[in-house]
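In what follows, chain A forms one complex with chain B and a second complex with chain C.
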Partner chain A sequence: MNQHGFILWWDRLLAMTLKELKQLIRDPVLLLIISYFFTVDVYMAGSGINLNLRNASVMVIDHDHSAASRELIYRFRQPYFDFKGEIFDTKTAESLLDQGRILAVLDIPENFQRHLLQGQATAVQFQVDSANTVLGTLATSYATEITAGFSQDFVAKRLGLGAEQMASLPIIQNRYRVLYNPNQIDGWFMSISELLTVTTMLAMMLPAAAAVREKERGTIEQLAVSPLSSLQILLPKVISMGLVILLGVAVSLFMIIIPVFDLPVKGSLGLFFTVTGLYVFTASGIGLFVATISRSLAQVTMLVILLMMPILLLSGAWTPPEAMPQVMRWAMKISPLYYFNEMSYAILLKGAGVKILWDSLLGLALLGAVFFNFGVWRFRRQFG
Partner chain B sequence: MNLTRVWAVTYKEWREILRDRLFFAMAFLLPVGIFMVLGYGISFDVEKIPFAVLDLDRSAMSRDFLHRFMDSRYFDYQGHVTSERELDPLLANSDIRFAIIIPPRFQEQLLAGQATSVQSLIDGVFPYRAEVAKGYVSAIIANFNAQSLVNHLAGTQGKSQEQARAQVAPLRLESRYLYNQALRSQWSISSGLMMLVLMVTPPFLTALGVVREKENGSIYNIYASTISRSEFILGKFLPYLLISSLNILILWWVVMNVFGTPFKGHPFFYYAASVIYVICTAGVGLLISLLVRTQVAAVMLTMVVSFVPAMLYSGLLVPIESMAAATQFESHLFPTLYYLRITWGSFLKGLGWEELWFDVLALMLYAVILWIAGYMNFHKRPST
Partner chain C sequence: MGEAALVNENPVIDIRGLRKSYKKKLAVDGVALTVKQGEIYGLIGPDGAGKSSLMKAIAGVLSFEQGSLTVFEVNIDSEAAAEKVKGRLGFMPQGLGLNLYGDLSVEENIDFFAQLRQVSLQQLSERKEKLLTMTRLDKFRDRPMKNLSGGMKQKLGLVCTLIHNPELVILDEPTTGVDPVSRRDFWAILAELLREQGTTALVSTAYMDEAARFHRLSLMYNGQVLADGEPDAICQQAQGCMVELTSESQTEALGKLKSHYPQLEAIGTKIRVFVDNLALDEAASTVSGHLDGLQIKSIKAFDAELEDAFIALLRQGPLAPKTGKDESIPRFDKTLPDDKAIAIEARQLCKDFDQFRSVDKISFKVRQGEIFGLLGANGAGKTTAIKMLTGILPPSDGEGQVAGADMRNAAQAIKERIGYMSQAFSLYLDLTVIENIHLYASIYGVSRSILKQRLDWVIQIAGLEEVTAQLAGSLPMGVRQRLALGCALVHQPGVLFLDEPTSGVDPIGRRHFWEILMHLANVEQVAILVTTHYMSEAEHCDHLALMYAGRVIADDTPGNMIQALQDEAGQLLNITTDQPLQALALFEKSDFKGVALFGRHIHLLAQDRDTAEKKIRELLDKESIKLLNLSADAPSLEDVFVYRVLALENQEPE
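Then we have the complex of A and B:
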C-alpha cells in the first residue's frame, strides 16, 4: 500500500466514525439514557445500597423481666438490630414473622437472671425468618456475637475482673486491619461495580445495535457496494461507541464516584482508562458477533441479555471466585468482565500497577483479539 | 371496545411473533436460560477464602491455632511467608484475601497465663465479604479462647471441665430457622429468581412490539384505521401476556423440580398474583414503547427500569431494612418488592390472601396506573 492509499484508508475510517457519531447524536432519548446510566444509576447504586444487614427488626418475649434480661435486650440495638418492642405470646410472634413485619424474635426464659447468677448454663431462643437465607444467617451470627459478648462481660463482672485481670488470662486478642477500604464503605464497591456493569451492557449493545440497524433498514447493501472493507465498516462503530463510553466512564468517575463517595484513587488513572478501552473493544467484539447472527434488533437484544447474564455472574462481583465450583472458575477465565473487574479494583483501590496485573491484562487482550476477529470474520463471510 | 378488532390486532401480532423463529424461541428460552444460570451461579456463601500465614513463633501452639483455619471450610490455605513485606503483592493481586500474623513468643505468653494478640489483614475491597470473613476469624479465635480459658480454670482452680465451661460461657443462643430449617440458600434464591426473571424478560418482549411499527412506518396503517387506542394497546398486549403466563408455569416447574424448592401456599392464588405481576412488568415494556421512537432507546430504557429495581430494590440481594430512608421509599415504587413478598410467602411460608392481600392490591394498582399512563401517551395523531 502506498502512502496515498494509507491516508485514504484512514480518511474513510474517520468519515465512517463521524457518521456513526452523528447518528447517535440524532437520537436524544438514547443519549439521555446513556448519560442516566453513567450518572444517576451509578450514584443510586453507590449511595443507598448496603449489602450488609443493618437495622434488622427484632422483638422480644421476656419471661424474666430482670435486670439481666433488660441488659441483654439493650444490646440488640443499632446498627445491627432495630428493637421494635416487646410481645407477650408466641402466637403474635408467629403472625408477625409470617407477614415479614419483623425478622427475628428473641425469647428469654424464666429464671434467666437467677441461673446466670448461680453459675448455671442457660440458653435464650432466637427465632429467625430464613426465607432469605442470607439475612437469616447474618442475623443469627450477629445475635451469637452479642450473646457471647454479654456472657463474657457478665462473667467478668461477677468474678470482679477488670481490664487488667483480663490481660492475665491466656486468651488471644484479635487485632484486625481491613485493607484498601478500612471503613468498609459499601459505596466504593457498589458504585464501581455498577459502573463496570453499565460499561459492559453499553459496550455490547451499542455497536451491535448500530450494526444490525443497517441490516434492518437495508443500508448495509449500500455499504457493501462502497469501496469500504469489512473492517472499515465495523471498526468505526466500535471506535465511535467506544469513545462515547469512555467519555461516560470519565464523567462517572470524576463527577460522581470520586467527589461524592470520596474514593481515593490509589493507582494510575492512565492505566485504568487503557484497561477500560481494551475492555470496551473486547465487549464490542462479542456485540458484533451477535449482530452478525441476528436479523433484527429484537433478536440482538435477546441474545445480548442471554450472554450478559453469565458474563456478569462469572465476573466475581456478585459471587466470590473462590467460592465457585471448579468448572465455574475455569469458565470465569473466558469472561472478559472477570479480568476487567479484578484490574479495576486493583488499580483504583489497591494501587496495583502493570507489574502485578500483567497476567490479567494479557488475558483480556487475548480475549479481545479473539472476539473481535471472530466478529469481523463472520461479517466478512456474510457481506464480503 | 370492539372485540373483533382487538382480536385482529392480537392475531396479526401473534403471526408476526411466530414468523420470527429466533425471537419466538428466545421468548421461552431466555427466561429459563437466565433462571438456570443465576440459580446455579448466585451464591452469597463466602467460603474458601484464600489466605496466607506469617508465623513468627513456629511453636506447637501456633501450629495448633493455625490448623483451626486450615481445617475450616471457610478458609483455603495458600502457604507460609517469611516476612510481612511478602504479603503486600499477594493481597494486591488478589491471590489471597486474608492474612494472619502470629507474633513471636505466642506460645510462651499463653503458657504463662498471659494474653497475646494476633493480627489479621483482610482485603476490604468487597465490604460484605470482609465483614463475613471478620466474623469467621473472630468465631475461630473466640472458640480457641473458650477452650484455653476452660483449661486454665480447670488447671488453676481445680474445677471439672464441665463446671469451668459453665463459668466461662454461661449463656448460649439457640437459634431456630423458620421456613427454611436447613438454611438451603437455593430455596431462597431459586424462588426469588421468579421475581427477577419475570421482571426482566416480559418488558423486553413487549417493548419492541409498538416501537418496531413506529420505526418501520407501519404504525401509519394503525393511525389511518378505525381501530381505537385502547383496542390497539390491548391487542398488542395479549400475545405477550400469553407467552409470559406460560413462562410463569415453566419457571414454577423448574423451581420445584430442578431446585427442589417446596411450595407450601395456594397454587391458584399464586398463579393469579403472578399473572397480575406479569401484567405490570409487560405493561412497563408497553408503556416504554409508546414513549420512545427508536428500538435501541426502547431496549435501553427497559434495562433501566427493569434490571435495576429487580437487582437492587427488590430485597432479593440487598436487605430493604439496611437501606437509607430515601432508597427504602424508592424501593416501594417498584412492583418487584411486593411480588417477592408474595413469592417467598407462597413458596416457603405457606401464606395466602389473608396475609398477602396488601401486596396483591399494590400490584393491581400498579397495573391500573400503567394502563392509564399507556393510554394517555398513545396518540393516533402524532404531534410532528
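Then we have the complex of A and C:
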C-alpha cells in the first residue's frame, strides 16, 4: 500500500466511524438505554442486592416461656434476623412458611430451661425456607452460630466462670483477616460485577445493532458496491461503539461506583481501561457474528440474550472454576467474560499489574482475534 | 354518461370537504368525491398526495377532523358507524404482500382471512376455488406467501380482500413495484371479478398510464383534488396540447425552445413540448416558428395524455414554475474517456443459485454517453445482472467488462469507477443531506483539496440547495431519489447503474430526475444502465434489452422495438363500445392478439385495419353491441413488453 492509499484507507475508516457516532447521537432511545445501564442499573445492583443475611423474618414457637428461651430468642435480632413475634402451633408455622411470609421458624421445646439447668442436653428446631438456597444456607449457619454462642455462654455461666476464667479455657478462636474488601461491602463486588455484565451485553449488542440496521434499511447494499472492504465497513462500528462503551464505563466508575460505594481503586486505571477496550473488541466480534445470522434488530436482541446466559454462567463471577464440573471448566476458557472478570477484580480491588495478569491478557487477546476475524469472515461471505 | 349500462346511479361513497392532518401537516385538504355503484374509481397522484389517508378514512380505520363521509348511505361520524359498514367492504393496504403472512401458504392465508370475516365453510370452498382459478394461483396453493413473485402476492392480496364478497373494495396502490405484464393481468382479473359481482372499487395508483383503467378518477396533489372526472375529460382540462418533433440538432433545438416552453422533454431523437392554451393546428406552427433556422424533419400535434396533462395542470395551478432561476446543470470537473468507447460489456454472463439459473447467457454492450434500459418482469434477473456487473456477485460463467476493468478479477477497480443507486432508498435517513454526501465523498476518496467544491457541485446537480441541512428521512420521495443520485455521482463516475430509481416518485420528480440523466449521458458522456417498470421512462433510453426468465429476448432501440411489433402483430386498435365487458369477452374468444380492457375502451393488435374492422363489426353486430368508435395507433412500449413476454409465457408448458 502506497502512502496515498494508506491515507485513503484511514480517511474512509474515520468517515465511517464519525457516521456511526452521529447516528447514535440522533437515536435518543438508544442513548437513554445506554445511560440507564451504566448509571441507574449499576447503582441498583450495588446498593440493592445483598449477599449477606439481612432482616430475615423469623417467628418463634416457644413451648417453654422461660428466661432461657427468652434470652435465646433475643439473640435472633437485626441486622441479620428480624423477630416477627410468637406463634403457637406448628400448623400456623408451616402455613406461614408455605406462603413465604417468613423465612424461618424457631421451635423451642418444653422444659428447655429445666433441661439446661439440670445439665441435660437439649435441642431446638429451626425450620428454614430454603427455596432460595443462598438465603436458606445463610440463615441456617447464622442460627447455628447464635445457638452455639448461647450454649457456650450458658455453660460458662452455669460453671460460674467469669471473663478471666473464660480466657483460660481451651477454646479455639477463629481470627480472620479479610483481604481486599475488609468490610466485606457487597456494593463493591455487585456494582463491578454488574458493570462487567452491562459492558458485555452492550459490547455485543451495539455493534450488532449498527450492522443489522444497515441490513434492515438496505443501506448495506450501497456500501457493498462502494470501494469499502468488509473490514472498513465493520471496524468503524466496533470502534465507535467501543468508544461509547469506554465512556460509559468511565462514567459508571467515576460517578457511581467510586463516589457512591467508596471503592478504593488499588490498581492502574490505565490498565483497567486497556483491558476493557480489548474485551469490548472481543465481545463485539461475537456481536458481529450475531449480526450476520440475524435479519432484524429483534433477532439480534433475542440472540444476544441467548448468548448472555452461558457467558454469565461461565464467567466465574458466581461460582469459581474449581467448583464447576470439568467440562464447564474447559468451556470457561473460551468465555471472554471469565478473563475480564478475573482481571477487573484483580486490578480494581487487589491492585494487580501486567506481571500477574499477563496470561489472562493473552487469553483474552487470542479470543478477541478469533471472534473478530470470524465475524468479519462471515460478513464478507454474505456481502463480499 | 356512457357507462350507464355498467353503473348504477346510487353513490356508494360520498365525501364532502374532508380534512385530515397529522400533527401540523395537512394530509387531506378539503376533498370531495362520489363513487357510484359498480364503478372502478381511481385516485391518482404522487407519493404524499393524500391518497392513502383518504382511503383509510373511507375504510373506517382513520379518523378525520372535518367534512362528511358517507359509505353505503351510512354517515361515518363515529367508530360505531364505521363498524356498521366494515363487513361490507374490503381493504387492501399499500405494500407488496404487507397484509399477508409470509410463512403461511397461499391457501392458509385465504382461509385465515375467511375465518376473520366469518365466511361459512361451504361458501369459502366455493369462492376459494373460483378466485384461485381466476388468478391462476391454484397451482401454487401450498407455496408460502413469501416465495411468491410481486405480481402473485398482489393477486393473493386481492383474493384475500374479496373472499367475503364485499360490495366495495378499496385497494391502495396495488400495482406499485409490479411489472407491466403482472400489472395488466391484475387489472384484467379485477375488472372481471368486479363485473361478475357488481362490486365497486376504489383504487389508487402512482402510474399515470393506468388512468385509462378507471371509469372516473380524481387527480390528487398535496391533499387536494386537482381535477376529477373521466380520463379523457381530465386531459382536456389542461389548456393546450402536445407537439412532438424531430429536428436536425436536438441540443440546439432544446436550447431554443427552453425559454418559451417550461414543459419540455427530449425522448430519444424526438422533442416533446406542451403548448399552453393553443389548439392543435396553431400549436405546431407556433413551435416551428421558435425554431428559426433549424431544419425540422417531422412535427405533429396531438392531445395530451394524462401524465402531460397532470404536469400542465400543476403548472397552470398550484405549482407555477419558478422563474428567473438559472436551471443550467453544472459540468463535471474532469473529462471522461473518449466517447463511444464501450463502457459496459456483458458476454454470455450466467448466474446460478443452487439448481436455479437466475441469469442465462446474457450479452450486451453499452457505450459511453448511452442510456441503456434493462426491462423485465419481477424476477426476470435484472437485479442479479446488475449485481454481477457491479462486482457484488461473482458470475457463474461468462465474462464482462465495466469501465475498463474485468469483472472477474477487478471488482475493486469497478467499484471505484462506477456510481450505483439501488432499488430501495439506501442512504442514511438519520443523517442530513450534506452529511450523506460528505460520507460518500469520503468513501469514494474525493481528495480534501477539492472536497468543498465537489460537495457544492453535487448539491447543485441534484438540485438540493434548499434542503442541505435537513435529515434525509424528512425529504419527500422525489428529493430522496435525487439525493441518492447525487451520492452516486460524488466521484463523477463514467458509468452509472440505476436499479428502479424512480419507483414511487411523482411524474414531476421523475421528469426532473430524467433531465439530469439525459444531461449526464449527452454532455458528460456517462454510460447509464437503468431498470424501470415505467414504460414512459423506457422511451428515454437509447437502447433497451428485454429480459425474460434470465435471458435477453430483445435488444434494440425503443423505436425499432415498436416497429418490429407493428411488423409482426400489426397496429393497435382502440375500440369503444356501449358494452365494453361483453365485447371484451367476444374478442378474447376470437383469434385477436393483445386484447386488453382499458376503462371503457378495448385495445387489440391487428395486422390489417380494414379486415380487422370488418370482423369486429360482424362480431359486435351478432351480439347487438354498438360500436361507438374505432381508431388505430402505434403500439406503445408497454404493448411491446406485454406482447413479447406473453408470447413466451404461453410457449411454456408449466
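In this section, the second predicted complex is superposed on the first by the 384 of 384 C-alpha atoms of A that agree within 3 Å, B and C clash if a C-alpha of one lies under 4 Å from a C-alpha of the other, contacts with A are read in each partner's own complex, and residues count from 1 in each chain.
Methods note: a contact is a pair of C-beta atoms (placed from the backbone, for glycine too) under 8 Å apart; a residue touches a chain by one contact, two chains touch by 3 or more.
Fair warning: this is a prediction, and the values are worked out from it, not measured in the lab.
When the two complexes are overlaid on their common chain A, residue A:Gly218 makes contact with chain C while staying clear of chain B. Looking at the shared chain after the overlay, A:Asp27 reaches both chain B and chain C.
By the document's definition of touching, neither partner reaches A:His63: not chain B, not chain C. Of the two partner chains, chain B is the only one touched by A:Val128; chain C is not. A simple residue count on chain A separates chain B from chain C, and the partner touching more is B.
Of the two partner chains placed around the shared chain by superposition, chain B is the only one that A:Met205 touches, whereas chain C remains out of contact. Shared-chain residue A:Lys333: touches no atom of chain B or chain C.
In the superposition on chain A, A:Arg114 makes contact with neither chain B nor chain C. Put simply, chain A uses residues 27 to touch chain B in one complex and chain C in the other. Taken in their complex, chain A has these residues touching chain B: 27, 29-30, 33-34, 36-37, 41, 44-45, 47-57, 82, 97-100, 103, 115-116, 119-137, 140-141, 143-145, 147-148, 150-152, 154-155, 166-182, 184-186, 188-189, 201, 205-206, 209, 213, 216, 294-299, 301-303, 305-306, 309-310, 313-314, 318-320, 322-324, 328, 342, 345-346, 349-352, 356-357. Contacts from chain A toward chain C in the complex involve residues 8, 11-12, 14-16, 19, 22-23, 26-27, 217-228, 383-384. Chain B makes touch with chain A in their complex at residues 20, 22-23, 26-27, 29-30, 33-34, 37-38, 41-50, 65, 76, 89, 91-94, 97, 109-131, 134-135, 137-139, 141-142, 144-145, 148-149, 152, 163, 165-181, 183-185, 187-188, 192, 200-201, 204, 208, 212, 215, 292-297, 299-301, 303-304, 308, 312, 315-319, 321-324, 326-327, 330, 341, 344-345, 348-349, 351, 355.
If you check the complex, the residues on chain C that touch chain A are 390-392, 394, 412, 415-416, 418, 420, 422, 424-431, 435, 438-440, 442-445, 471, 487, 497.
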